[in-house]
Amino acid sequence: MEAREARKLLEQVASGDVTVDQALARFQTAPFSDLGYAKVDHHRALAQGVSEVIYGEGKTAGQILGICRSMESAGQKRVLITRLDSQKAQALSPDLDLEYFELPRVGLIGGMPQPDGAGYVAVACAGTSDLYAAEEAALTAEALGSRVLRLYDVGVAGIHRLLAHSDEIARARAVVAVAGMEGALPSVVAGLASCPVIAVPTSVGYGASFGGVAALLAMLNSCASGISVVNIDNGFGAGYLASMIDHIGVVE
Amino acid sequence: MEAREARKLLEQVASGDVTVDQALARFQTAPFSDLGYAKVDHHRALAQGVSEVIYGEGKTAGQILGICRSMESAGQKRVLITRLDSQKAQALSPDLDLEYFELPRVGLIGGMPQPDGAGYVAVACAGTSDLYAAEEAALTAEALGSRVLRLYDVGVAGIHRLLAHSDEIARARAVVAVAGMEGALPSVVAGLASCPVIAVPTSVGYGASFGGVAALLAMLNSCASGISVVNIDNGFGAGYLASMIDHIGVVE
Amino acid sequence: MEAREARKLLEQVASGDVTVDQALARFQTAPFSDLGYAKVDHHRALAQGVSEVIYGEGKTAGQILGICRSMESAGQKRVLITRLDSQKAQALSPDLDLEYFELPRVGLIGGMPQPDGAGYVAVACAGTSDLYAAEEAALTAEALGSRVLRLYDVGVAGIHRLLAHSDEIARARAVVAVAGMEGALPSVVAGLASCPVIAVPTSVGYGASFGGVAALLAMLNSCASGISVVNIDNGFGAGYLASMIDHIGVVE
Amino acid sequence: MEAREARKLLEQVASGDVTVDQALARFQTAPFSDLGYAKVDHHRALAQGVSEVIYGEGKTAGQILGICRSMESAGQKRVLITRLDSQKAQALSPDLDLEYFELPRVGLIGGMPQPDGAGYVAVACAGTSDLYAAEEAALTAEALGSRVLRLYDVGVAGIHRLLAHSDEIARARAVVAVAGMEGALPSVVAGLASCPVIAVPTSVGYGASFGGVAALLAMLNSCASGISVVNIDNGFGAGYLASMIDHIGVVE
Amino acid sequence: MEAREARKLLEQVASGDVTVDQALARFQTAPFSDLGYAKVDHHRALAQGVSEVIYGEGKTAGQILGICRSMESAGQKRVLITRLDSQKAQALSPDLDLEYFELPRVGLIGGMPQPDGAGYVAVACAGTSDLYAAEEAALTAEALGSRVLRLYDVGVAGIHRLLAHSDEIARARAVVAVAGMEGALPSVVAGLASCPVIAVPTSVGYGASFGGVAALLAMLNSCASGISVVNIDNGFGAGYLASMIDHIGVVE
Amino acid sequence: MEAREARKLLEQVASGDVTVDQALARFQTAPFSDLGYAKVDHHRALAQGVSEVIYGEGKTAGQILGICRSMESAGQKRVLITRLDSQKAQALSPDLDLEYFELPRVGLIGGMPQPDGAGYVAVACAGTSDLYAAEEAALTAEALGSRVLRLYDVGVAGIHRLLAHSDEIARARAVVAVAGMEGALPSVVAGLASCPVIAVPTSVGYGASFGGVAALLAMLNSCASGISVVNIDNGFGAGYLASMIDHIGVVE
Amino acid sequence: MEAREARKLLEQVASGDVTVDQALARFQTAPFSDLGYAKVDHHRALAQGVSEVIYGEGKTAGQILGICRSMESAGQKRVLITRLDSQKAQALSPDLDLEYFELPRVGLIGGMPQPDGAGYVAVACAGTSDLYAAEEAALTAEALGSRVLRLYDVGVAGIHRLLAHSDEIARARAVVAVAGMEGALPSVVAGLASCPVIAVPTSVGYGASFGGVAALLAMLNSCASGISVVNIDNGFGAGYLASMIDHIGVVE
Amino acid sequence: MEAREARKLLEQVASGDVTVDQALARFQTAPFSDLGYAKVDHHRALAQGVSEVIYGEGKTAGQILGICRSMESAGQKRVLITRLDSQKAQALSPDLDLEYFELPRVGLIGGMPQPDGAGYVAVACAGTSDLYAAEEAALTAEALGSRVLRLYDVGVAGIHRLLAHSDEIARARAVVAVAGMEGALPSVVAGLASCPVIAVPTSVGYGASFGGVAALLAMLNSCASGISVVNIDNGFGAGYLASMIDHIGVVE
């Protein structure tokens, strides 16, 4: 509860418009719906700008449906469901108006919004195998109202493929750089960019890639400035953050 | 070299104002000074907004002095030197007008600038022992023109200490959340913030903290959105990125 | 064998009521039934208060049945079987009066006892995906005679959901705090509690969660006091310990 | 703030005894003293039973003195300072009435209290080299009002040394089991005990002990019930928890 | 673009044979075909000697077919496809003239070339289980024009099996030494060889082999000179490098 | 080739009984059969006492059959095949007179020999789930001519179950101690034994057992003397070594 | 207490020669001297053949002296002190008749005994830097009555240096193989030996040797039979075990 | 011993020119000098081209001197000593004509030879802090007869600094690419090179660089072809291998 709200409530107590018990309840009651298996957090929507994201992994189709219904009844139009495998997507289809993206395993209810950010988000990935994470980032940013420029298969071993896009990188509001294996892309990209670069290590690779650890460590140790890192395969987190940056100065 | 510059150069070749050899040299010559032990990158200043940062670790006082001189002669007024131990700082003092901050081991030439960001950067840290990294972040952001709000010793085990600053976190342009040990601060902070949260794990702790790995992993796995992570003890990287975000919409 | 028993036995030897060979046998014979594949430990029941727990993983349905039968013939009424997959549960159903809980993979013979602890055990978990471990803890504590208060989906990224239960945490006899990903819940909970907090890291997460290692490390490094940690996904161990604490001062 | 307090405050607002601004301030103000480098948490004392513990590592003698003074002025008589090296202890001696224990690096202000727990805490350690952590646990428990029984050098390779103390273990209210190297002590102890066993891995060992990781893993994987684990070398945490358990049913 | 090419282009601009816009396009256009999901790099062929290798893992049969067609239209006769599982190989068979090697999962279009290296590449492996990686190396080297001598099942525990081939090792142009488990083969081989030894750790083993990490570490720590290491199971990389060395002095 | 053999050969060269070329061939030819996919090592039989062990993992039924046939033709009567899954065992049954042990996945050709060691090998294991590795060790030792005493389910959490066998441990020629989870059994066993104890960590456990790493580390760090360790789940290695020790003084 | 002893004691109780209280005391009293900081275990001497080894690390010179005196008064003539740094050795010199070996940091009281084993122990090490651990093994075996053959600097990269000693390895009763870096020596040695090979990884190396982990893993994964492994740098453990094997059939 | 030599020896035995005992001795004697602490391997010189390298770490100045003297008496003119700290260098100075390079800790006896390779070795490093390893590589290659081109401070975050040297990289016979932190340099370099690239990870970095592990993993996972990797900080190994490649076709 923000200070303004608290002050108003206290003034109502002072004026007698609200009883002590009512106020106490207000101070104690958290603004979420309790579904038993989940507390749907309508308050967080206010605090973070979007409440409509569901992490699908480890939830049954039934639980996801219940959460969507609860959100709907709270007035949410658009819901993004990440880590939604195709089986659950199929199970949800009769009940929800769901657009499903198979490669990044993303479901969308309510359609893509018109972009309303200040610029665009560039999503670059090193190889074809990294597309799943890059698309998760791109779709997330689009779902949150950002225009997205995709720069795919621009790994550093063929550096001219990346350099051909120097200008587009230089003009972006935020860059998401996705790479597995040696994870070198973000370092080079950050040298070309003048905006925040969000590095996404992927689990692409074999042997000593250790499921993305090699790429993760490389990105954490980047010698370039302006880079920060999210979890392995966390395209959603990067897209979310990039879109947040793309809306700075817009929503305020 | 940007497209515009390249076009102009090519037009000069076409018009005969620039010879083929001169143009070739321009295309081949990188815009940096070669000191032998280091290539001082004047070009990067243009690309990334600041060229005046020197990573002091693993450089001798003599090398640092040389790089500062080279920067100075290229017109740089303000230089930030990170990871500068007190011995080197003392060695540099006679030759440079250096302000030295002992705890975060930061040196500054040219004084702090007037803040010119769009808002302020909040730097929160969990415990007294994390101050060195928090101050590195804070001083970096200030040196790059951001106003900084320090929220220190607000670890999650005494959650009310942090909640007392909810409003200040909610209004920040960017938050740097610094923590060692279990590294839980960024998750809670991100729930209170509506801006990017940059998480800095510190090497504070013992035993199974593994020099900051526990905090690093916690931050990478945060269940909150809007968080990204930098390397262990990388206060500089977080401050740099936070200030970059604080200037979005301002410098453009 | 306790001192009293040993003294009595020795006195019987001295008095001739027990022969040397009989006494030797008593000193040498361990108080367990040997089924070949397992030694069912009737002695441990005395030492630890419950002998009726079977760890189902890596045992065949036949072996579990054999152990149950042996326990039954030794007078055990109630047996808790953990890590019991649904196939084995089904295989055991014709032979045993088994109540089966699918999510936590727990089987119970003999029904839940009346709570006889001194207070109640609070079981809190961070997210919906952690329910399996939280329920294993809750059912274990209930099977051992504790009243359990479930506080689910109270992760720290939406701190008000947890704070809404501050009082219930403050009044508990023991708290089990279950979390995957960044594992921050126990630290915040311990700040609100005045009783032992048993932290259970879960394997929920992806990428750099490393199957629960991130949460485990976070919990081991908690800056709060009164916390101890059990193995990843070890809901049973936490529930067992919490119930043990809940019965302190009661059973003695 | 607890519900009772909040209700009283709201009633005062309703009755006009407290103004809205005063109440708002109360709701917003956290109950701690801000020393700049640390927020001394007088509230936590209420919540957790002791506020008088200072973690000395990473704090200067000056900072520790400041915190002690602040605590003193808030009425605290007894302060335990852990991880206090002998140099700082010496530096603090002129200003504080400090009793210093060199091996476990513990300082105590205000003297040991009379034991007021319900039973006693047994502190067992495997080898002579583990004494530093065992003593940290023992002194902590004593400082918090528990009677402590020390069982030292009872490692499992000479199992009869441990078995000679079976009765004393069986009658304890809580056992702290301290071991480095293979960390097997807690498993055997838990088989002999009927109370919670808190396992403390130590960094004693070499080679593949990896600074205590081998012992830590062994303890987390114990096949015995009733065991939980704290961080490597965290004697304080174990002693704190053991004393908390020793006071269950007493302080309430 | 190499300097010669750049000079020529610039001269054409100077002479007016090429317009500024054409030159700009040349400087900006990267020499690859963009298939959407992949940028087929015809330039790299020039730079590295072979462009005809496709890493099959994580690409659909359709994508592989598309890339092959693009290469074909660019004039490539011979294409090596690594990490191609048998299902994809079967799916590609109707459309491509593909020779398939099941054990190393390698596909070849265009047939094996005549060897044109300066000597031969020896491929040694420690055990029968390592054959898959050894064959990937051998086939790669053959596809790139090297004669290959296979020395299989020559692990160091039966050292005379290896010593029987001392001469053949001593006369090789490059040796690929493949081993899992303790990974000792390359060290012994390097003592017998007078040419570069490329060590390939395999994921063969169990328990503390950690999927090849034990062998990888052994090879990185070899006390013999002239050894370098590639990723676990990276037979391709070793075969590629060995053939490159085999062609030194030939292609130049 | 041993010195005596070499001397004899050289004497024959000197006397002209053997030509230079024949001797050279003898010195160069290794005493093994090359099956292409494997070099069957008849020489090793002499060097190590048994040549009749085949590691079945990663070999096809056909390859195993081929190796058996080659051994048979070289005069081997008894062959032990480890890590032989039941499918391959079934495939080999029509062609070989194979006795198959399912739990430890061991196949035996030629039947168990009469024990001819100096004493007996005790094989102890901590829990029912460790039986597979314990049986691999036991069967191996028996196949190599040792009498084996099985002591199963004697984990340290119920220490009296183990102590009941103190005498049998004290009289063994060699002890194999098998344990997963915390791996404490060998330490306690070694305190009771006066012969070499071979510790076998198993992959039994979950969470922070890391597939046997916890047990492995515990065993490597044992504070007891006379212990050595083999790889995780390497029951064969332990049984082989125990039988070797059991035959010391016998075969010589 | 062994069965015979227990029977005798019980018979004395039956006959009245020993009172119940005396017998009880005997059953309860452990056969060790309690020095406060250590329990000197005179019983273990009987069980394991030597009681005279002190692990010097982490013990003060005073504590070591006390333990030696206690042993002396219990009749011990010969005491081996391992991990004894030169400072402590110097401090002990006036009080004890101590022979000190600096490289392996071993102290010996009572002089080397006449060898009384059945054969000899070969101690091989890979490089000059491994000498400290090899000597710890060699001296330990000698102090326990074994004849030792030292084969130093026989690393596998120059395989002929090792092969020159094939016969001496083939005739040993036990081999200790010491190596750092890639740890390949034991595998090759075991192929030449017909007795147990005890592998000692050393912490010699740099970079990815990780303080001996690379060598440790290599040794655990050896493809040769008859090998077992001790902790990194644990020359003592290997020498102890080798001498134990060397005395099999002798002492019994 | 090579086949030719063996044949000759055998012919001498046949002809009676060499007695059986002499021949036996020849077959048994390894061609090295045994200094007690080291076996100086004169044979390896023949096998590997250089015998004159001493790894100085873990050897005393006296031992190094002894080895040099032994080499000298065997006719060696030039000796390279790596990992030689300045103290030992100083200690050796009076006795040896030693040129000492402080940064890479390399000593050289006999002076630099004239380059006699086929081309040149390019040694590139990412940052100023990596110079120590780059120089170790460069000096090693020079000492072995290669011309070296140094390209220092060309890290990928300022990609144009590296691209300015594209031609020099493209024309090299072998490239050594040295980098710490994220270790991305070799991938980009390999895209520009047409010769083998030897990647050297350095221990430069902090936090999650883990002493060079991050760079090592990145290099092992490089998506570029033609790369192989040596141990962390192993500049010597890379320089040795690069020079070996530089001499292919020359020495033969």
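Should a chain be cited, it is by its letter among A, B, C, D, E, F, G and H, assigned in written order, with residues numbered from 1 in that chain.
Just so we're on the same page, a residue touches a chain if its C-beta (ideal position, glycine included) is under 8 Å from a C-beta of that chain, and two chains touch if they have at least 3 such contacts.
It should be emphasised that the depicted structure is a prediction, and the values quoted were computed from it without experimental measurement.
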{"item": "Set of chains whose contacts include both chain D and chain C", "value": "A, B, F, G"}
{"item": "Selected pair, greater C-beta contact count between B-H and D-F", "value": "D-F"}
{"item": "Copies chain F and chain E - interface residue numbers shared by over half, same or different", "value": "different"}
{"item": "Farthest-lying chain, centroid of Cα atoms versus that of chain D", "value": "E"}
{"item": "Interchain centroid distance [CA atoms averaged], chain A/chain E, Å", "value": "38"}
{"item": "Chain centre separation in whole Å, for chain H relative to chain E (CA means)", "value": "25"}
{"item": "Multi-chain contact residues (two or more partners), chain A", "value": "3, 28, 44, 158, 163, 190-192, 207-209, 213, 216, 220-221, 225, 231-232"}
{"item": "Touching pairs - complete list by chain label", "value": "A-B, A-C, A-D, A-E, A-H, B-C, B-D, B-E, B-H, C-D, C-F, C-G, D-F, D-G, E-F, E-G, E-H, F-G, F-H, G-H"}
{"item": "Residue ranges of chain C in contact with chain B within the complex", "value": "126-127, 155-159, 163, 180-184, 187-188, 190-192, 205, 207-210, 213-215, 217-225"}
{"item": "Chain C residues within the chain F interface of the complex", "value": "28-32, 36-39, 41, 43-44, 57-59, 63, 201, 203, 211-213, 216, 231-234"}
{"item": "Residue ranges of chain E in contact with chain B within the complex", "value": "3, 6-7, 10-11, 13-14, 16, 19-20, 23-24, 27-28"}
{"item": "Chain D to chain C touching residues, read off their complex", "value": "2-3, 44, 47-50, 53, 118, 166-167, 170, 173, 190-196, 198, 216, 220-221, 225-232, 237-238, 240-241, 244-245, 248-249"}
{"item": "In the complex, chain B residues that touch chain D", "value": "127-129, 131, 152-154, 157-158, 160-161, 163-164, 204, 206-209"}
